[in-house]
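Below is one structure, written out as structure tokens, with a few remarks after it.
Chain lettering (A, B, C, D, E and F) follows the sequence in which the chains are written, and residue indices restart at 1 in each chain.
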Amino acid sequence: MFMRVDQLQAELPAPKRKDPNAAAALQELLGGKYGEMSTLGNYMFQSFNFRSKSKLKPFYSLVAAITAEELGHVELVSNGVAMLNNGPDNDGDKGDGGDISGAPFEDMKDIRLAAAFLSNGGGVTPVSSNGASWNNDFITTTGNVVVDLLHNFHLECGARLHKLRVYETLTDPTGREVCGYLLVRGSVHAHAYALALKKITGVELDKFLPTPNINLDKIPECQKYLQEGSHRRLYTFSPSDYKEMAGIWGNGEVALPGDPPGELTVVEGMPDGGKIHQLTGIPSAFTPDYAPEEMFEIAAKLTKKAR
Amino acid sequence: MFMRVDQLQAELPAPKRKDPNAAAALQELLGGKYGEMSTLGNYMFQSFNFRSKSKLKPFYSLVAAITAEELGHVELVSNGVAMLNNGPDNDGDKGDGGDISGAPFEDMKDIRLAAAFLSNGGGVTPVSSNGASWNNDFITTTGNVVVDLLHNFHLECGARLHKLRVYETLTDPTGREVCGYLLVRGSVHAHAYALALKKITGVELDKFLPTPNINLDKIPECQKYLQEGSHRRLYTFSPSDYKEMAGIWGNGEVALPGDPPGELTVVEGMPDGGKIHQLTGIPSAFTPDYAPEEMFEIAAKLTKKAR
Amino acid sequence: MFMRVDQLQAELPAPKRKDPNAAAALQELLGGKYGEMSTLGNYMFQSFNFRSKSKLKPFYSLVAAITAEELGHVELVSNGVAMLNNGPDNDGDKGDGGDISGAPFEDMKDIRLAAAFLSNGGGVTPVSSNGASWNNDFITTTGNVVVDLLHNFHLECGARLHKLRVYETLTDPTGREVCGYLLVRGSVHAHAYALALKKITGVELDKFLPTPNINLDKIPECQKYLQEGSHRRLYTFSPSDYKEMAGIWGNGEVALPGDPPGELTVVEGMPDGGKIHQLTGIPSAFTPDYAPEEMFEIAAKLTKKAR
Amino acid sequence: MFMRVDQLQAELPAPKRKDPNAAAALQELLGGKYGEMSTLGNYMFQSFNFRSKSKLKPFYSLVAAITAEELGHVELVSNGVAMLNNGPDNDGDKGDGGDISGAPFEDMKDIRLAAAFLSNGGGVTPVSSNGASWNNDFITTTGNVVVDLLHNFHLECGARLHKLRVYETLTDPTGREVCGYLLVRGSVHAHAYALALKKITGVELDKFLPTPNINLDKIPECQKYLQEGSHRRLYTFSPSDYKEMAGIWGNGEVALPGDPPGELTVVEGMPDGGKIHQLTGIPSAFTPDYAPEEMFEIAAKLTKKAR
Amino acid sequence: MFMRVDQLQAELPAPKRKDPNAAAALQELLGGKYGEMSTLGNYMFQSFNFRSKSKLKPFYSLVAAITAEELGHVELVSNGVAMLNNGPDNDGDKGDGGDISGAPFEDMKDIRLAAAFLSNGGGVTPVSSNGASWNNDFITTTGNVVVDLLHNFHLECGARLHKLRVYETLTDPTGREVCGYLLVRGSVHAHAYALALKKITGVELDKFLPTPNINLDKIPECQKYLQEGSHRRLYTFSPSDYKEMAGIWGNGEVALPGDPPGELTVVEGMPDGGKIHQLTGIPSAFTPDYAPEEMFEIAAKLTKKAR
Amino acid sequence: MFMRVDQLQAELPAPKRKDPNAAAALQELLGGKYGEMSTLGNYMFQSFNFRSKSKLKPFYSLVAAITAEELGHVELVSNGVAMLNNGPDNDGDKGDGGDISGAPFEDMKDIRLAAAFLSNGGGVTPVSSNGASWNNDFITTTGNVVVDLLHNFHLECGARLHKLRVYETLTDPTGREVCGYLLVRGSVHAHAYALALKKITGVELDKFLPTPNINLDKIPECQKYLQEGSHRRLYTFSPSDYKEMAGIWGNGEVALPGDPPGELTVVEGMPDGGKIHQLTGIPSAFTPDYAPEEMFEIAAKLTKKAR
């Protein structure tokens, strides 16, 4: 089972301007082969398919707990995409959409992924930066623990490269923060899978890191997270399960040489997180509706009754 | 953010025999157009894209909380599929895989979705009963609240039909229990979206239910859940958020006429749930490995250290 | 069986300029999830799969007749797309294509869907505004009448939203006229499916309309059609079949409150329609050929002989 | 514009038994690369995209009229598939679905394309014999008349081969009749495109036929149609348009050597056709509903009012 | 550039019987995510995209040369699939196809991938064991040497697992020989990528092998190849290029512990290979034609003239 | 089996500037329906599936040898795409990637196929100009020789049209040279398939050429190849096989009327070819790595040892 908390894993700054092509670039980190839908999909189905769970608790717990974190990554990138499509906060959802006969969204026909406006009203969907759908071809779940973990290790290294490249195309603080946070957490996952494989095979895969060979101290947006030690922590993302992964993450293992030093630790529960951004509706784009005031009133009454 | 609890939403009986074609039928409820990946994907991305969240709290909360429940539905169906592919519990993961030169899995080349064995070792993936991948085409997230809720209402009615048909093909208790549980919970979601739309539009969509026009008292596997009142409950699936949906679900609304009577209530948190099944590995199929004993020993040591 | 008449359902004004990105936006109304290929595909296959046709004549007739209208909608949007790609009428198809070595179509490498030129020479194909193919995932045909009709109702509401958004991106009269006409006719279909479901279930789904909550009086391009009462008419699109749908559309039912008042009526046959636009060939783009004069002469002779 | 007539192009005999795998084989002729959705899709979009229509009337008319015939072919194969999935006529749609708890459709989990039952209740959808969706990749519409016609000629030859092979797998009269009829009509289309290209290029492509090199006199199910001269006729499938194709089909051209001799003629309008089969509903499969009697009564009343 | 030699990389025994489902299982090794189309596609495009080729000669050469070997693997599996679909050699291509009206291929409608007969006449295409198309989603080519090599290492380990599982389903000698040969050569590639990464990173990835943890001495069909030392050889598959990979493969490195001992060596050119099987045509299936004798005569004359 | 030679089939001039949208246009000739992946895929699988090879040697040899040439075409277009994405040669791969925090690739978020940078670092993949994946739907391999050859003839004519249109969008010499070379060689293949079909059927398909009806003397980039007689030559692309195709290509047949006159000849082996371009790495884009110097040193040592 899964529970949900109405917060993001990291606080995202508001975008400075509406930038649908930046949003489209960020989509690569959601629906691309090395995006968060892929890390989520791989670990989630591997955890469902995991054999001999009780005999392999530390390994099962690792994959199961990271699955929960990846849900939050999917949420974080998704919020980033929608925010970049939507632009800065405004008073949009007041009044009705007014006169729409003057082609108020003419510029939307030239954005790279026009369906993001036409179909989703600026919302996010699980597609890549080229608009191609995420799908089952991106999932490896063989049931063989070593093959699956090796796949995961490669996936996180590849994902790190994609995050770096997307970061290099973005000027807006929202998208850059998404990348900065995910670079730190993705590096943790690469490290964790390396250690898991080292325990089983004896091969020092952690020496392979960082891949690509750039330390996170080069990315300003990562520093806050490194300083608070995020790179040394794995959360169980669970009230009481998955603690056994401490046999892999922790247990004397330490941070990678290029990162601030310290021991690796498993933290029960989840990080503090940040607020979910209000996406202001734009009545002329029919979000949440052309004339939403009545709906707002109804909602206000229902909210009162719910207390 | 999301958290994970190492339990299923319902207790599943062990399968009586290995039945890959039954597993393939059950896949329709996972990766088909009206499967749980679709309900999850629709509600999850709608919740990310929701506009004017604070002004529309009851509606936002409803979609956001059901998202969390759908994650557990994906998990439940997935466990069912993997169990049916794997068969009854056994001592499979002892010893090594032995001599594999005698075509030990000859029968696997004739199962409907052979890749489920060849690629996934009996594991589940997000594909339909025909083996087609789940994908973004199954997602509607327009950002218009009425259109999205109407889509969801139609989706749950369609899903109910698919659950009924899959149920009609299954003899094994595992798959039937999956269907029984999901029929009850899916009916709740259809009811909830009907009420949400009724609040906004005044149209009594709840009178549309049940669709298809068969009451759940016809399905033996549903009775346990109806008797405990599951059809009258919506869980927040959250430690402390999403309570505002009580303005829609509750607030004087009652169970549908064909179901055991009573008021609708929002329950904070999640249901009790059942244990996740041990999927015993089959070394000759390389799950969790050809000769897993050493890995088991390593895991045992790591588990000790984790305490 | 189907017959064809060499006319469009509505007269389209010639485009003022070549605008491939506007054409690409309009593609959403052809090959997108809520485009005309989807309404066509859904109703056509539902009509093929309809059970107990003679016992359910009014419902069968409704779906069967609207199928024929949707063929004309596919044709109308397709003509609009090709016209916007082609631009205003000209003398293009005279002479040969001349010297093509100076990159005469350099600007075509920057249009959003470059294959529309490279592969289709400015022609239309069943893809979305993002260039993704229309496909079977967009079809729901369960054989259950209520589920199918509910799907159709939701589909038309969603399609109306998509038409509105595409309209908001277009400045050219060709594309705007396509949207204006389809908004009126699509609203008719939504209304018709609402009434069909009301007859079966008693639920007043027509009160749900219009969705989104904007009346067509806000769209200048709709006025002509509203004034001639198009919003109150369903055509049988047949020489002598499908009249039984008058039990649903008509039979005392009237126009929606936001539209010009009056009774709903079934009209045998089809509307007057408008001429199909000549798409002038561009020999340098090899349409209809590099040096088409000889082909024109042959065709002229064959036309004579055909008389 | 298109009109619809409530008849099939050919009379289909009722199936002798329910045979979902035969239905699945027949799907190749609907949704496969060389199926009727492809011939329809190619000619329909080519006719929309046709350049210099008035200067190339005979060629435009040919493609436009055959489009209308292909719609009927899609309908014919679709009816065949649904009939084979449904089985012989019966009293199925009486009463309600009864007790469904005994796995009444257990055998459906072993049919080749299980989703045809689970999702479509035995209905047809535009997929191939392997269940893969028809899509835009199957469409060629370049706007160059010679390339498009050559494509079409190859398409009809390939389609003829596929029809022959599907025929060779079927024992049921329904499916065999579909193949027999389509073999005759598809051969006409191959012949027509050969003649069109001969007019333009002078190359005697008609000597290429039949491809594959088997005459239709070898197929018993073709004889009825050959004897009535169907192989020498092209219908305009229009009340008054498309007659100019007589410059190509006719005009002194005669039947192919292996077929009954005679002149080629264009026939205005459409063939006589046969009745559309009643697909009896199966309430236990929720078609048209679980307990359809009330719906039948409502429909009967509405039908009366429609008169 | 590439050259072709009319031989297979290994001699395949003739199949004992026609077995389309075995052929379908073998398809996983062609068009599945971990099949030969994927190894080919990854290495081919990586070699095209390789940066700084002259500065990274040993690594570039390794990827470029293995690409050429993978072409032969695609050919080998493809021949195996077609042979299993076709069955033992026979006199099939004599005479014409005779009377085809008695459903001579009725059994073909029940094979798992019916399109393999209906569309391909028993031929092979790049699809998986579930009939899903190979596609670009299976390709990773980032341009980062470490990420690409790590991907390749993981790909070969996963491919080895898939080969083992397919092998376990096959009883026919043709398919088993394909697996036996590919297991040896695929293990070589895994070893080679491990060594390449070891040179760059110092991490002893070769100790990771074999993955899965089963030695090839357990597979009878591998012994012939192990005894001739195939596991210690990399071919340049080139008249004179790619020798620089000897810096990685060779250079003191030796066979893996579980394989027959010895030094690794680069061999210029290609292995001896075996004959390509005659696939006897079946005129009743229209391969190579319904009545091929005339074509055979024409071909015989043309062959004479070619000398 | 296949061998590889480290050269391109034609010498490509360096690009004058980085032009990702030109690269994207050129992708149509790689991964589009009428691109080189399609010609390769069709001929390769047809050659694998060829029936009665020894009895049909000239036809088999033709398809088999052209397959090998198409591999080189895939390589040529791929190099062109990567070169256009990369731009002129430079000193990029020296030093490390430096400070990447200033959005050094901001412009990459606006290119048409952003994933080409984000995922492939400017590399090529088998997708169309719209970014859609090449796939099995583009392959026809029926096993019927006439149908397959006719398909191939149509494919080459369609491919010629696509090459012409892509050429018309390009100003850069690299892309134009790719088109010029492929136009000559593709015209050879169209001619060869026309002759093969003429031998079998007697129909003078060569008179159909050129299609589209423009001679290559209109394309400056073709002249060099026409003058050296490339249009009259088919290479065996093999050390000693496939000579029998001389019965089709040669044997008294001559060049097409619009091309420089002369006899058709089969040439054993392959053309001289041109050098493969160095793609200079860009460390800030992580190609071949962020700080590649150490890797370069390692490679230099390994190269020495390889001698």
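Throughout what follows, a contact is a pair of C-beta atoms (placed from the backbone, for glycine too) under 8 Å apart; a residue touches a chain by one contact, two chains touch by 3 or more.
Computed from a predicted model, the values in this text were never measured in an experiment.
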Set of chains whose contacts include both subunit D and subunit B: C, E
Chains in simultaneous contact with subunit A and subunit B: C, E
Farthest chain relative to subunit E (centres taken as mean CA coordinates): C
Of all other chains, the one whose Cα centre sits farthest from subunit D: A
E-F against D-F, pair bridged by the larger set of C-beta contacts: E-F
Distance between chain centroids, defined by C-alpha means - subunit B, subunit E (Å): 39
Averaged-CA centre spacing for the pair subunit D and subunit C, given as whole angstrom: 23
Interface hub residues of subunit D, defined as touching at least two other chains: 33, 112, 119, 121, 131-133, 135, 137, 142, 144, 146, 161, 212-213, 285-286, 289
Interchain contacts (touch definition) - all pairs: A-B, A-C, A-E, A-F, B-C, B-D, B-E, C-D, C-F, D-E, D-F, E-F
Touching residues (chain side subunit A, partner subunit B) in the complex: 1-9, 31, 41, 44-45, 48-59, 64-65, 67-68, 71-72, 74-75, 78-79, 82, 93, 119-127, 133-137, 139, 141-146, 199-200, 237-248, 250-251, 266, 269-271, 273, 276, 278-282, 285-289, 292, 295-296, 298-306
Sites on subunit F touched by subunit D in the complex: 33, 135, 137-138, 140, 142, 144, 146-147, 150-151, 153-154, 157-158, 161, 197, 201-205, 207-208, 211-213
Subunit D contact footprint on subunit B (complex, rising order): 21-22, 24-25, 28, 32-34, 112, 128-132, 161-162, 164-171, 212-214, 218-220
Parts of subunit B lying in touch with subunit E, wherever the complex brings them together: 97, 99-101, 103-110, 112-115, 117-119, 121, 131-133, 284-286, 289-291
